[in-house]
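All chains are identified by letter, namely A, B, C and D, in their written order; residue positions are counted from 1 within each chain.
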């Protein structure tokens, strides 16, 4: 058999393969770009951007958990303008799609960000309505269908490129939020963002994170992410960027079978800097062994009981 | 220093130590009772009981996940009457508190169960409004404050013994449900039940669980459980039985610092049958090293930033 | 009774046919074990659940297991070295009842090992049918021949012994008028079902060893359910780890 | 430039004072490494995050680390044996700038090892102050004495060398009129702050090596924040793994 076709489409954006880097775990690509050629990736989703620069939360910002990690970075970033000026041109020098992840304090801010960044030439906007580490904006937008709809509508109106809405797992019914975003014209959905968690240092009796709580990611959350991808695929027939603990090609295959069109890799890069390429290779091997000629055939192909 | 005092009180029930077995992971005590003396435990929380016997869900009922497990047992149990007749007398032969975990299809069923079981002499009722593996009852009651309040009120009216309401983590805001239960006179709260999750066999393309989805437990969920215990302690000042992934004495100490008065141990018994006793011993060692003379002093002693 | 114990590995080797065999010092566990029972093994700290593997031999205080590479847990197990310790829980479950003047052991693939120890424990009355996918996958034939009065081999593709399935080989023996007091079978579920039907047709009592995914391994968590017919004739879920893994075939509900 | 590599352990031993030293074959990593940089080590499959440890020596293509038992990761590391392979990412971060006619290295406890290699790389101009909690915790004194022009020891409880803290010993030297072109300090944060203040008072440029909990170790995840004063004079969060671990003390905001 020939090499399987690895091309996928995510909300009208063509990716040469389904492996995407998860926002916030990959900076703007420069660091991991020293380990391998970024054009080997399907897409790069950059660190969450806001209108003004943000300092982020005080350290410690990370705590280890069983098969996972909590973080409370709090959207530290240089602001969208600095990104457009200093990072985007460099990224554009690589043959890889660029997804801008945006967070606003108000629906209007989301709109402004979408307009700026799509004008500046990113390939896709990922709307973060699910960051657990910031007070204004973030998670608050992602836990009610009404505000999710409002933000989606605003971004959709201001963006010239496809819009993907990133959902929070910290909700009773994620399909409700997914349907709200779909109803306002989202081109794709991405999930999951982190689960709210906590750790305490039992000697100092202090939370390990200075922010007390943080967002859980890594393999620990994989089964929750997979379940939500499957539920959302059944509820809103939009392309999905699936993420949450993907650590191997087999995990990526599982995500796609559950309904994802592409798969983002985040926390696991911390232990294996070349994880995205390894996962792509393992996924190719799986397709080869199973005799599947095109990776996109996996999407939603699970056969529930 | 003398041995630390391990006694705790959980909703007016005195436990000789804070280590409890989590419902559904410990049967009715007979099996693990062959490995050690059950009177070494603080309390035994028995397998979830229903009015009529239940067969449970078809197998496979378990799937492994990173640092966790999904289960879809579906409340297989012989029914409350059979429990009272065949299991309770045997359990009462041990110097250990017995907590009956109950699930109903309607609020009335919860009431009948509470009456039967408290009349039969259990020490406490744990009201399961959070089982993700059954269609009627279970989770549905635990995701809305109104139905949580209704069930709590009904059980409270019918029970002669303290009532503990077991909360689901599959909600947007667990404090809302906690306050609803507290408002209707719950004597204690227990959390967390399992997080809804899924796994897929990538060769057969079938969900591993015959029920498609199941409940995630084990160390993977520990940071989520800890966060919720802390949130609930701050929102509703009731005694808490904390659980979810506790695997060591240090984890138990963390749970108590976050706000738990006692700690339940579940999934980790599958890998270490003597885990509850090991955890109790490790907790004692921690108290000794820290110079804490009474375990109950840990409860809620975290100092948030 | 069962115990949890750190058990030193005394021998680990490839058996051919893709299978590995492992001997370990089992202490008091060895004396307690019966053919058909299993052990529940922790396969590395990074895997939460133990793996159930049938016990298939004993020498002194050592026990033997034989296993296939199925996934990450058995792969980890195959990479141990003699001298290392395993965290083992066992012996667990109900084994074979072995009595009568002649017992036919019918094993398929990785189902053959537990039957070997069963046959070795009643050598005078043991006869075996061993079924493999192909000659390359055959294991333990010499040891069965040494233990049994007679050993019949069959392969799906005819590459060794007769061509065909286990239940067909068993049926040939029954059809030829051989009398057995019991059949003990272990192997893939489809094979067990076919053997059980054959045994029922010839009215020979049949015991089968079932597999199911497990949690606790001791009967406390109820995850290892298999549908059976209860004392009252109604269908119910029994549990492979405690009520089994060996069940009377007539009680098993095959088509769940 | 940094690489990820499986590195064979060539030596692992207890150093006394509760510390362990480990040498590993680092291949091309060895040539790239500079004093003050660190490696990021995977400590067992059951731990998701790597552990940052300073590089504190080189011989040929081997690198050396010295570490304390802090928690599960360092415990795991201390239980390896020579011949095993470690998954190492490195060298990472910015090390010390070492130039001038005389540099004072001020190390506290487990902060001393990285300074040793720094001193060894400029032996003619190196002078050291080593501070320990007590004599039992003292490490590397002989090696410092061999590498430096002068080595001053101080202990919190006076059980070895002078009694007192690192910055007090440094201050005595400065007050006695000794001239240094720079101070390089590594140790607990409180010590670093005191040394930095002392250095500032005597107007000696000071570099400090900071610690923070890490994720990626390469600058991509932004978790290892430490507050510094930026080029524009405003406070900002820099990142220990990429902008550090060595910072100019005057840029560090000590009271976050």
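One rule holds in what follows: contacts are C-beta pairs under 8 Å (C-beta built on N, C-alpha and C of every residue); 3 or more make two chains touch, one makes a residue touch a chain.
No experiment lies behind these values; they were computed from the predicted model shown.
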| item | value |
| --- | --- |
| Chain-contact steps, minimal, separating chain B from chain A | 1 |
| Co-neighbours of chain D and chain B - touch as defined | A, C |
| Centroid-based (C-alpha) most distant chain relative to chain A | C |
| For chain A paired with chain C, centre-to-centre distance based on mean C-alpha positions, whole Å | 46 |
| Where chain A and chain D are represented by their mean Cα positions, the distance between them in whole Å | 36 |
| Geometric centre distance via CA averages, chain D-chain C, whole Å | 57 |
| Interface hub residues of chain C, defined as touching at least two other chains | 46 |
| Sites on chain A at which at least two other chains make contact | 63, 65, 67-68, 218-219 |
| Graph class of chain-chain contacts, one of line, ring, star, complete, other | ring |
| Chain pairs that touch, as defined at the top of this document | A-B, A-D, B-C, C-D |
| Residues of chain A that touch chain B when the two form their complex | 63, 65-68, 70, 143, 170-172, 195-200, 202-207, 210-213, 216, 218-224, 226-227, 230, 245, 247, 250, 253-254, 257-258, 286, 290, 301-305 |
| List of chain D residues in touch with chain A within their complex | 1-2, 4, 42, 46-50, 89, 212-227, 235-237, 242, 256 |
| Chain A to chain D touching residues, read off their complex | 24-27, 30-32, 34-35, 47, 55-65, 67-69, 71, 73, 76, 208, 218-219, 267-274 |
| Residues of chain D defined as touching chain C within the complex | 44-46 |
